[in-house]
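Both complexes shown next keep subunit A, but they swap its partner, so subunit B is in the first and subunit C is in the second.
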Partner chain A sequence: MSEGGGMSAPRPTSASGEGPTSPRSRVAIVAWLFQALLLLALVAAIAWMVSNTLAHLRERGIHAGFDFLWQPAGFEIGESWLSYESSQPFWRAFVVGLANTVRVAVPGIVLATLLGTLIGLARLSHNLLLRALSTAYVELLRNVPLLVQLLMWYFALTELLPASSDALQLAPGVFLSKSGLSFPWWEAGAFEWPVASEITISGGASVTPEFLAVLLGLATYTAAFVAETVRAGVQSVSSGQVHAALSMGLTPRQSLRYIVMPQALRVIVPSMTNQYLNLTKNSSLAVAIGYPDLVSVANTALNQTGRAFECIAVIMAVYLLLSLLTSALMNRYNARVALRGGG
Partner chain B sequence: MSRFPFRLAAALLAFVLAAPAFAGKTLDTIKQRGTINCGVSTGVAGFSAPDSQGNWSGLDADTCHALAAAVLGDAKKVNFVPLNAQQRFAALQSGEVDLLARNTTWTLTRDASLGFHFTTVTYYDGQGFLVPKKLKITSPKQLKNAEVCVQSGTTNEKNVADYFRAQNIKVKTVVFEGFEASFKAFFAGRCQAYTTDVSGLAGLRNKEAKNPDDYVILPDLISKEPLGPLVRRGDDEWFADVKWVIYALIEAEENGLTQANVDEQKANSKDPVVQRILGTSEDTGKLLGLDKDWAYRAIKAVGNYGEIFERNVGPKSVLKLPRGANNLWSKGGLIYAPPVR
Partner chain C sequence: MSSAPVVARRSAIKWTRDEFFSSPANTLLTLLVAAALAWALPKLANWALLHAVFNADAQACRAIEHAGACWGVIAEKLRAILFGRYPYALQWRPGVGLLLLAAMSFVSAVPRMWSRWLALLWIIGLLLFVALMRGGVAGLEIVPSSRWGGLPLTLLLSLFSLGVAFPLGVLLALGRRSPWPVVRSVCITYIELIRGVPLISVLFMASFMLPLLLPQGWQLDVLLRVLVGITLFSAAYLAEVVRGGLQAVPVGQLLAARAMGLRAWQVQRYIVLPQALRSVVPALMNTFIGNFKDSSLVVIVSLYELTGALTLALGGDPTWRPFYLEGYLFIAFVYWAFCFAMSRYSRWIERRLVSQPTPDRQPA
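Entry: the complex of A and B
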């Protein structure tokens, strides 16, 4: 399973090259009929499940439906790039949660790719120390549960940083503390400077320890998988290619850049898509360390309204959408690096 | 490895596939099964928390023990199901638990739209703030621009937003899914304040803080949090049983019945009220689908309401909470039970 997302229509292989009346085309018609029946049965089963569920919910006096999305949310969200306050409706809160998920997933993917590629190449290095270190990195990060790593990053950050009441001033207007990294930010037509008060830092913008822990945790964890993908991709290129490149007078670096990588990418890109999808989905673990991602917001909404079905459905729909979007982008890129003409 | 709460998924699945209506059958199911499935917290000191042997104790746990004693004749026949804040409602809706005794606040939304009945209030609480002493904060109004740690899935999250919006003060909430993670972050210094019900704050301060004296609970309360057990709608018999077992414990305190003297009172008391409670004159149990000793067994198993309070959350317990609003109505509190008659 190398490609995520895309669905392709079933292709009746038996009908190829046959006339319309041949027995084999009749087999094909029967095959299509079967598929149609199966689809119908599936739709009927889902419809039954939905109606059964709704009937039961009604019977037990449980309110259902998505109407709550337009009611005021009533809770605050700790950090966001979009403006939000508790009097705004639930759907707005969901959008803010989604923005927070994207805000951690996109830089996470970039970081994981850079770090993973470097480590993957280091695993193939002739330098013994580099090879050993990168192998150790991959084995360690890959084999410890991500949730544990996230908690470790988070508690390390919050323990090590100085208390918010005596924040470390790195530069004028830049403070580092348990509240995160605060810096001046363009706000309402003017630069707003963070100010240290007796209890905490206020004003300006800040990168919170929650965000940092999720970002670092996801990036370093996924980098281990990316490294393995890159290593496998490079090793899939036959060594004869490298020898040929070197004998043509290319430097090792040039041979990597112009000969090995273009061929390796064909192997790397499809499984890299999976890593990117995983990173995005894994960001849902952020809820454990207080980062207000989509799942965190949906959890809160679920509890304020009791609409478990609806909130879970929103989470599923959004992650599905994100995943399909990611795979669509990656499939386009894959088409560019794939072999032309061949199958 | 997308983490999906298994119990929530199971509960939702139960709706999808459930066989029709089981209204009115809870008591029969419990008697047949031989245990009560009691939904509790994953560990809130004084309310429901397991010890090292896995025995649950606390005010909520004792409600379940009393019910088991009244219904099944053995206080130990309780199957405690620990539920986090997110799972709890789905677990009750789907029938995974028979009742939810999980320091849950009685609100309109929960009572009217989730298919539940709140039975009665067993603890009158209010939301407050725990702050480090060294910040010298004496009122929540001084928390301007501060960060407040809170657990998600609670009424606390919404109260804190409402309160500070009304006061026109900006604070930042840091919301954690797990109770553990939320207070650990607070004690690590991530937030300037932690907020939950005062009973919870007392438990945190006295049990989890390295040095309890470094922290203070602010005297201001920002909300009413009436806590009590709830049951599914559609089974009025079971609803009545839960209510009346709790009422009997309150009546017991009012009439001086204790775990220690209940046997002697049952044998000798000439007081008609006591005789009625203990089933020596009238058989009130028949009306509830129970036998006549139901209240006697509940009192014998866990003591009266006052004893339960003292043992789990009172001044001599680890929480050291004053009786306050949770005293009997006759002693200036709010605890009041309709008569067992």
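Entry: the complex of A and C
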């Protein structure tokens, strides 16, 4: 077992050394030998792959390195928060892409949380109609790939809506058409209202159908998972607690606020963190419908410069950072909730 | 908060009152939802059924101007959607392959059939499936993997990646709990790294970087590279699921097994893993479903599974392009049927595993 069982044999620490008959030193030597071999094999494998890559690059005459980040990008980005021109360097393009990712992920998280919480609570409702409807929502949306849903949203928003010349008016000053959604926006100390003319809509602020498709697709899809999280959280609080609270004279609203929610949140928060991270990572599917998020910008840069490793490394590094940041933030919140619940 | 002491049998009237009209707020809710349904359902029925065109008649479809669904697009493009760019005359081969997979799935779903032989059956079945798709044996014409597509490709990607990712995930999960620091840190780094990045970046890596990492002259085709990518990705997620199960096994069991003279690997193999895997069946099934849905992403690196096949079938055809929505709804339904069946099955199997006493828990 010294060689074959290596990986699959994490022995219980307390059992390996303390038994009077166990040959502790022999086990320790085998363990360190195995680990040294593993490390050696890993280093060798990585060195082998690096040397292969360098050989390929030499042969194709491709120059490697991150210096291209300071060269002019030379491609346009369809929409952005920050100002950007094609003459600006690649790093700026990546920053613009990242800003676009954040621009869609943050409202997506807010929408998914609101919608998901409502649906999750509806699944626990007394009302059969509401329960059936919310169950149908969850079972429908989470069992169809997000990519298919995004493509559907995009098709519906760009092909089935009227042209901007006869846009749908959803509310005063809110217009929806093939060219996107226009809405009033605070500018220079006053609300600027979009105005519909015979030809197009001007004024106010607007978002593109690409943005809308990614936002709505991500929010409605993630809401199904959020709903399940909320439902599981509330159900994790035993019903005895509610009955006890009611019999002590708390109103149903008070028992929800002071008894159920503080305990449910402890179950909900960690799993909600996962959903938020998933939504952020899933926003990378924007590349499929041409919303210029980080992945889509990096993909363009990759095709233009041929620097596959560098561009993919940028994507991975940024997402790793976002993941770590989100989980750090949520862990702090989680600690607070747990503390308050315990005290 | 549902009331716990429910009356065993309620009369129909009482049931109606409890469910719909128990309070003024509930009554209002019922009326609102009912009104919304009364408004939406007839519209939906009109569009999907009453005004829909069911035969492959593009002119009729155009004439109704989206007032009804054009299901004719599916009648017209069914084979292109299901089999992608697979040569038309040879499409009976993936068809037979699908039937084979369906038969094997039905056999495997029956708990009484679970044995070592089933694993062997799957290995033989999958090899047969690949042989059917690829050809080159028994006088079958060779079809290169670049022409494979549609539903068979979706299933092939999910099944093969899971088949390899599952043992890999178990190893990673065991490694993550290993007392050996090098093994542990390698596993943790791998798992956290993969789980921190989106699948697309892993697919890009597999598609663009893998050829560079291997020596010149080693040609891996796109399908194989993408399979490697999905497998490495799923393994990290499966590892976390399995770890959850491993943590649920009480330490006392390990100590007892060790005290009885079992070797470390025997403890894992016969005591820990069976209990750990059993306790995470629902989570495992969720990962399988996620893996199945994720297979749609390979369209981004130019493999034409179900989603990609639809794009191929409709994207380049101006006659049928306006009816993309119906096409999307069709493949959405196919995905949904698979995923829903898997999740229902997982619930059933979970109940069964819980209700049955396990042999190793029986007192000696």
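The rule we apply is simple: the second predicted complex is superposed on the first by the 244 of 343 C-alpha atoms of A that agree within 3 Å, B and C clash if a C-alpha of one lies under 4 Å from a C-alpha of the other, contacts with A are read in each partner's own complex, and residues count from 1 in each chain.
Keep this in mind: contacts are C-beta pairs under 8 Å (C-beta built on N, C-alpha and C of every residue); 3 or more make two chains touch, one makes a residue touch a chain.
This is a predicted model, so every value here is computed, not measured.
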Partner chain in contact with A:L40 - subunit B first, subunit C second, else both or neither: neither
Touching partner for A:L146 - first (subunit B), second (subunit C), both, neither: both
First (subunit B), second (subunit C), both or neither touched by A:I312: both
Which of subunit B and subunit C A:A244 touches, first, second, both or neither: neither
First (subunit B), second (subunit C), both or neither touched by A:L324: second
Partner chain(s) touched by A:G74 [first = subunit B, second = subunit C, both, neither]: first
Contacts of A:L170 with subunit B and subunit C, given as first, second, both or neither: neither
Contacts of A:Q304 with subunit B and subunit C, given as first, second, both or neither: first
Partner chain in contact with A:F155 - subunit B first, subunit C second, else both or neither: both
Those residues of subunit A which subunit B touches in one complex and subunit C touches in the other: 49, 52-53, 56-57, 59, 145-147, 151, 155, 159, 281-282, 284-285, 287-288, 299, 302, 308-309, 312, 319
In the complex with subunit A, residue positions of subunit B that touch it: 1-3, 8, 11-12, 15-18, 20-21, 85-86, 89-90, 93, 109-110, 113-115, 134-135, 137, 142-147, 149, 152-154, 157-158, 160-162, 165, 171-178, 181-182, 184-185, 188-190, 192, 232-234
Complex interface listing, subunit A residues touching subunit B: 49, 52-53, 56-57, 59-63, 74-79, 85-87, 145-147, 151, 154-155, 158-159, 163-165, 178-179, 197-203, 208-210, 278, 281-282, 284-285, 287-290, 292, 296, 299-300, 302-306, 308-309, 312, 319
Residues of subunit C defined as touching subunit A within the complex: 1-4, 18-20, 22, 26, 29-30, 33-34, 37, 66, 170-171, 174-175, 177-183, 186, 193, 195-201, 204-205, 208-209, 211-216, 251, 254-255, 258-259, 263-265, 267-269, 289, 293-294, 296-297, 299-300, 307, 322, 324-325, 328-329, 331-332, 335-336, 339-340, 343
Residue ranges of subunit A in contact with subunit C within the complex: 1, 4-16, 31, 34-36, 38-39, 42, 49, 52-53, 55-57, 59, 124-130, 133, 139-140, 142-149, 151-152, 155-156, 159-160, 234, 239-240, 242-243, 252, 255-256, 260, 281-282, 284-285, 287-288, 295, 299, 302, 308-309, 312, 315-316, 319-320, 323-324
